[in-house]
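Have a look at these structures, which come just after this line.
Look at the two complexes coming up: chain A is in both, with chain B in one and chain C in the other.
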Partner chain A sequence: MTQLVLFNAFNGLVVGAFYALMALGLSLILNLSGVINFAHGGFLAIAAYLAYSLIPRVGFWGGLVIAPLLTAVLGLVVERLLIRRLYGRDPLYSLLLTFGLAYVFEDATRFLWGAQTLPYPVPPSLTTPVSATFFFLTGYRVFMVLLVAVVVTALFFVLARTRLGIRIRAGTQDLETVSVLGINVRVLRNLNFGLGVYLAGLAGVLAAGMLGLEPTIGSSLIMPSFVAIIVGGLGSLPGTLLGGLLIGVASGVTTVFFPSASEAVIYVMMAAVLLVRPHGLLGTAGRTA
Partner chain B sequence: MSWLERHAPAIILPALLVTMPWWMAAAGGYTELASRIVILGLAAMALNFLLGFTGVLSFGHAAYFGLGGYGAAMTLRYLVPSSAVAILVGVVAGTVAAAIIGALIVKLRGVYFAMVTIAFGQVFYFVAFRWNRVTGGDDGLTGWSRLPLRARPLTLDIQRNDLAFYFFVLALFGLSVAAMGLLLRSPFGRTLLAIRENERRARFLGIPVERHVWLSFVISALFASLAGALFALLNNFIDPRALRWDQSGNFVIMAVLGGMRSFWGPLLGAGIFVVLQDFISTRTQNWMSFVGAFFVVIVLFFPRGVLGFLRRRVAV
Partner chain C sequence: MSHDPWNPKLTRRTVLKGAAMAAAWQLAPRGLSRAFAAEPVKIGFDDTLTGTYAANGKNTLIGCQLAVDQINASGGILGQPAQLLVEDSTSGDAGTAVQKARKLIDRDRVSFLIGNVNSALSLAIGQVSNEKGILHVVPGGHTDAVTGANCHWNVFRVCNTTQMEAAAVSAELIKAGKRWYYITPDYAYGHTLQDGLEKEAQKLGGIKAGADLAPLGTADYSSYLIKAQAANPDVIVFLTQGADMVNALKQAVQFGLEKRFHLAGAQQELEALEGLPPEARVGTWVFEWYWKQPNVPHLDEFVGLIRKKTGKVPTARTWQGFASVWSCALAARSAKSLDGVKMAKAMEGMKLPPEVGLMPDPPFYRPGDHQLMPTLYVGRAQAQGSEPEDLFKVTRFLKGTDIAAPVEQTGCRLSWPHT
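Moving on to the complex of A and B:
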C-alpha cells in the first residue's frame, strides 16, 4: 500500500512538473501582457509533433532541443502578427483570439499528423528502471523531473539576474515606467511571449514521451495549468510552480483511493484555496485587477 | 432617432421570431434549427447580462448551461415523467451551483475572474465524463425523451410536434428576455451599468459591488441553465460536451459577434453562429479550423459585433 501511494505520489510529481512548466509559461505571459494564452496547449502539441517528426533526422536529444525552439519562433511570429494588436484592449479579445488559435492548432495537428495516437520513441537508456525495489522510478521519469528542475532553476536565474529578466519583472510591476525609461516594451513583450511558448514546447516534448501523441494533448493539459496558477497565487511565479507540483501530487494520490475523481480533485482543491485565500497560496491581494 | 427607429426592434423582432419556422424552412432550414437558434440565443443573452451589462468576463457559462441540461435529462430519465419538472430541476441545479461558485470568486476581476470561471467549468465536465453509471459518461445520457405538457384539460404535445416545441421555447425565451430587460431598466440594472463603467466610483458611492456582481452572476446563470434544460429537451440527449470549455467560448463569441453592448446582439450572434456551424460541419471535417479562424477574424475586424458595426456606419 505504501509503495502504491509512493508510486502514485511520484507519478503525480512528474505530472505536476509538466503542469508547472506549462503554467510558468502561461504565468509569464499573463503577468507581463495581461493575456490568457488559451493557445498555450496548441503550442505544446505542435512542439510535441514537431519533435516526433524531427526524431528520425536528429534523434531524441536533437528533437528535445530543436522542437521547443522552433515552436518559440512560431510564438514570436504569432505575437508579432496577431496578439500585439490586442494589448490595451479588453482582455476578452485576446482570450477569444487565442481560443480561436487553440482550435486552429489542434485541427492543424490532426490534419498534418492524423487523429490516431502515435507512439513517441524514447531511447532505451532512459526506459530502464533505476532500481528493482522502486520499480516505478523509470529513468525517463527521473530524467524528466530533473530536467524540469534544471529548467525552472535556469528560468528563475534568468529572471533574477539577467537584464532581460529584470526588465520582464519590472514590466510586470509597471510597464509604463519601464517604457519611459527607454526600454522597447514591444520587443520585451515579444521575447517574453516567446519564452513562455518555449516552456510550453518543452513541456510538450517531455509529455509526449510519457503520454504518447494525440491532437488533444494540449487541450487536456491546459486546464490543470490554469488551476496551478490560481492555486499558487495570481501574479506569483514561485506560486505557480508550487501550485503545479501540489495539484500534480494531489491528483496522483487520489488515483490510489478514488481513481475516477483524479481529475476533479484539483478543482476541489482550487475551490478550497479560493475559500481560504482568495488570491491563491502565494498571491498578493493587490494584483487582482 | 425617430419613433420608428427607436421602436423598430420591438415590432420587427417578435414578428421575425414568431414566423421563423416558416421562413427558415423556405431558406432551406428546418424547425429544429430555429429552436436551436432561440435556445442558444437565450444562453448568449444570459451570458451578456453579465458580460455586456455588468462588465464581468465569465468564460465558464457552459457549466451552468450543461448543469441545466443534465438536471432536466436526469429528472426525466430517473425521477419524474414531466417536462415542466425537468426544466425546473435543471434551472435550480444550475442556479445553485452558480450561487456557490459565484460566492467563491466574486472578489476577483478581469482576466483572473475569467480564468477561474474557465477552470471551475471543468469540474462538472469531469463529473459528467467520469460518472458513467449515472450520466452515461462520454456517450451522453440517452434513453429518455421530452414529454407532452399537460395542464388539465389542455395538452401541448411538445414531444412529437416540433412546431409546438418551438413555440414553447419561444414563450419561455420571451418571458426570460422580458425579465432580463426589466431588470436592466430597474435601479438594480442601472447599478450594474455603473459598476461596468467605473467600479471604483461605484464603490465610493457606497454600492456593495461584490453583492451586485454576485447577483448578476447568479441571474445570468439562471437563464443560462434554463437554456441548457431546453437544449437537452430539444435534442432528447445531453453529453459532456455541453459542459466543456469550448461551449463556453462559443457563448462568448456569440455575444461578441452580435454586439455585446446591445441587448439583442447576442441573439443575432447566436443565429449567425448556429447557421454557420450547421453549414460548415456538414461540408468539411476541418470545421474546427473554420470556427477558430472565425474567432480570430471577429476579434481583429469586428470587435464591436455586427450591431456595433452597423450602428457605427449609421452614425457616420
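Moving on to the complex of A and C:
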C-alpha cells in the first residue's frame, strides 16, 4: 500500500508538471493583461494538431520545436486583432471573447482534422520505460518533466534577468507607470500573450504524445490549469507551479483510495484553499491584478 | 478608484466566475442543427456530435444519411420522402439531449427518433420518446436497462447489451487467466458492463483482482494503471470507450504493461483502434460489426458506398446508424402507417433484410424486449492486417440468440398504451 501511494504521488508530480506548464502560460497572460484566456486549451489543441501534420515532414523533434512557435504566432495575431481591443474594459468582455474563441478553435480542429482520435507518433527511444520497477516512468515522461523543468527555469530566468522579463514583471505591478517610463505597453502585452500561448503550444505537443489526439484534448486539460492558478495564488508564478504539482499529486493519491473522486478532489482542494486562504497558497492577500 | 484602463479590475471573484464558466462550457450544448423547409416524413437524430463520443456519433450519422438516400431512392416512406433532422446531444449532458429530443418531437414533429451513443443519454431520451409515443431506435447505447429494466414499448435497440458483450468475450478472456482487473468508466454503461463480466467470470471460475471507476473523460490513466499492476492480475480489462479507450490503452502500452499482462476488454471499436499507435493495437475484444466478413451478401456494396462518401471504411457505428434508419422505414412500410404503436408492433420479430442486416445470419428484433439479435465478432486487435484499415482479426462469430440472456432475465416488462 505504501508503495502504491508513493508511486502515485511520484506519478502525480509528473502529471502535475504538465498541468503547471499549461497553467503558467495562463498565469502569465492573466497577470499582465488581466485576460482570463479561455482559448488556452484551444491553442493547445491547435499546436498538437499542427505538430501532427508537421511530423511527416520534419519529424517528431521538428514538430516539437516548430508547432509551438507557429501557435505563438497565431497567439500574437489573435492578441493584436481581437484581444487588444478589450483591454481596460471589464475582464468579463475578454473572458467572453476567449470563451467564444475556444469553441471556434475546437470546431476548427474538428473540421480540419476530423473528430476521430489520431495516432500521434512518438520515437521508439522514448516509449520504453526507463526501469522495470518504475514502469510508469517512460522515456517520454522523463523527457517531458526535464523539458518542463528547463522551460520553467528559462521562464523564471527571462522574467528575472532580461529586459523583457523585467518589464513584464514591472507591468504586472503597475502598468501605468511602466507606460509613463516610455515602454511600449502594447508590444509588451502582445509579446507576453505570445509567450503564454507558446507555453500552451508546448503543453499541447507534449500531451499529444501521451494522450489520444482529438479535438477536446484542450478542454479536458484547461480546468486543472485554472484550479492550479487558484490553488497556487493569483498573480504568483511560483504559486501556479506549486498549484499544478499539488493537484497532480492529490489526484494521483486519491486514485488509490477513491478512484471515482480523482477528478473531484482537485475542486475540493480549490474550495478548501478558497475558504481557508482565499488568496491562494503563494498569492498576496487583497491583490487585484 | 474610478475606471482605470491600465488596471482592469481582475479580482479573485472574476477568476472564479471564469472557472465556473469553464465548467459550464464543458457541459454546454454545442449546437449543430439543420432544418429543412419541406414536409416529408421526418427522422430525428439526437446523438453525440461533439465531445468524447463525437467520432462515434458522426459515424452513426454517416450511416443514417446513406440509409435516407437509399430509402428515398426506393420510394421513400409511404410515398413521402424521408428527411433526417440532425441535433447534437453532446457526449454526456442529459439535459441537452432531452431538450433536443423534445425539440425534435414537439417542434419538428418527427415520426422517429434515433439516438444515442451514450447509454445514459439513451435512457434519458427514451423516457421522452415514450412519453410522446414516438418510435425510437437506439443505435449505440449499450447499458442493459435500455432493453431491460427501463425498456419501453416504443424503444428498439440495434447495438448489443453489455450483458451480450460480456458473455461473448468472457470465454476468450478466461484463456488468458483467471484474475481480472477492471478499469471502468463511471457511468451507466461501464457499471453494467463490469457487472456482466463479473457474473460471466464467476461462471467460468474467474476472480475479480480489483476494479476502479474512472470519471468519463479522464485524460490521464497512469494512476489507475499503477494500481492495476500492483494487484498483479492476469488480465487488465479496459471498459472505457471513445477517446478514453485510446488514452488508457496508449498509456498502458507505453508503460510496457502489454508484456506483463493480457490487455483486453469487451467492446472495441475501429474508431479507437485507428486512433492508437500500431503497437497499442493489442488484446482480445468484441466487435459489434466489422467491415470484413466472409460470404456476407451486399457487404462489399455497403463498404464501397461508404468509402465513396467518406474515403474510409464503415465502422460498427456507421452500420448501426444505417440499420437504425432503415428499421424505421421498414417498420412504417410494414405497418402501412406512421402510428407509433402500429409500427412498434410491426417491428417486433422483424428480420432485417440482407442488404440492411449485413451479417452472416439476418438479425431480428426480439419480441419481449425489442433487442436486436445480431452476430457478435470476437477476436484480436492487430497492428496491421491485409489492408491498412483491417485492424481486427475476427476469430469467432457468435449468434446473439446464443449469447443474450433470455427475456425473462432482462427485467424488461413492456407496457403498451391502451388502444
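Operating definition for what follows: the second predicted complex is superposed on the first by the 281 of 289 C-alpha atoms of A that agree within 3 Å, B and C clash if a C-alpha of one lies under 4 Å from a C-alpha of the other, contacts with A are read in each partner's own complex, and residues count from 1 in each chain.
One rule holds in what follows: a residue touches a chain if its C-beta (ideal position, glycine included) is under 8 Å from a C-beta of that chain, and two chains touch if they have at least 3 such contacts.
A quick note: this is a predicted structure, and the numbers were derived from the prediction, not measured.
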Check: When the two structures are superposed on chain A, do chain B and chain C clash or fit side by side?
Finding: clash
Note to self: One more residue to check, A:Tyr120. First (chain B), second (chain C), both or neither?
What the structure shows: second
Note to self: Touch test for A:Leu101: chain B only (first), chain C only (second), both, or neither?
What the structure shows: first
Notebook entry, point to check: Touching A:Phe111, do we find chain B (first), chain C (second), both, or neither?
Noted result: first
Next item on the list: Determine, under the contact definition given at the top, whether A:Leu92 touches first (chain B), second (chain C), both, or neither.
Entry: both
Next item on the list: Could you tell me if A:Glu176 is touching chain B, chain C, both of them or neither one (first, second, both, neither)?
Entry: second
Margin query: Looking at A:Val227, would you say it contacts chain B, chain C, both, or neither? Reply first, second, both or neither.
Written below: both
Margin query: Is A:Gly34 touching anything from chain B or chain C once the two structures are fitted on A? First, second, both or neither.
Written below: both
Next item on the list: Tell me which partner A:Val73 touches in the superposition: chain B (first), chain C (second), both or neither.
Entry: neither
Next item on the list: In the three-chain superposition, say which chain, chain B or chain C, touches more residues of chain A.
Entry: C
Check: Thinking of the overlay built on chain A, is A:Leu275 touched by chain B (first), by chain C (second), by both, or by neither?
Finding: first
Check: Superposition on A: which chain B stretch among 135-143, 171-179, 225-233 or 261-269 collides with chain C?
Finding: 135-143
Item checked: Doubly contacted chain A residues - partners chain C and chain B -> 30, 34, 36, 89-92, 95, 99, 102-103, 106-107, 110, 223, 226-227, 229-230, 234, 260, 263-264, 270, 274, 278, 288-289
Note to self: Show me the residue ranges of chain B that touch chain A in the complex, using the header's touch definition.
What the structure shows: 51, 57, 59, 101, 104-105, 107-112, 114-116, 118-120, 122-123, 126-127, 130-131, 245-246, 249, 252-253, 256, 286, 288-289, 291-296, 298-300, 303
Note to self: Under the stated contact criterion, what part of chain A meets chain C in this complex?
What the structure shows: 3-4, 7-8, 11-12, 14-15, 30, 34, 36, 38, 87-92, 95, 99, 102-103, 106-107, 110, 114-122, 127-129, 135-136, 138, 140, 174-176, 179, 185, 207, 210-217, 219-223, 226-227, 229-230, 234, 251-252, 255-256, 259-260, 262-264, 270, 274, 278-279, 288-289
Checklist line | chain B-facing residues of chain A, complex | finding: 30, 34-36, 82, 85-86, 89-97, 99-104, 106-108, 110-111, 223, 226-227, 229-230, 234, 260-261, 263-264, 267-268, 270-271, 274-275, 278, 288-289
Note to self: Going by the contact rule set out above, which residues of chain C touch chain A in the complex?
What the structure shows: 4-12, 14-19, 21-23, 25-26, 30, 49-52, 54-55, 57-58, 186, 212-215, 217-220, 222-227, 229-230, 242-243, 246-247, 250-251, 253-257, 271-272, 274-279
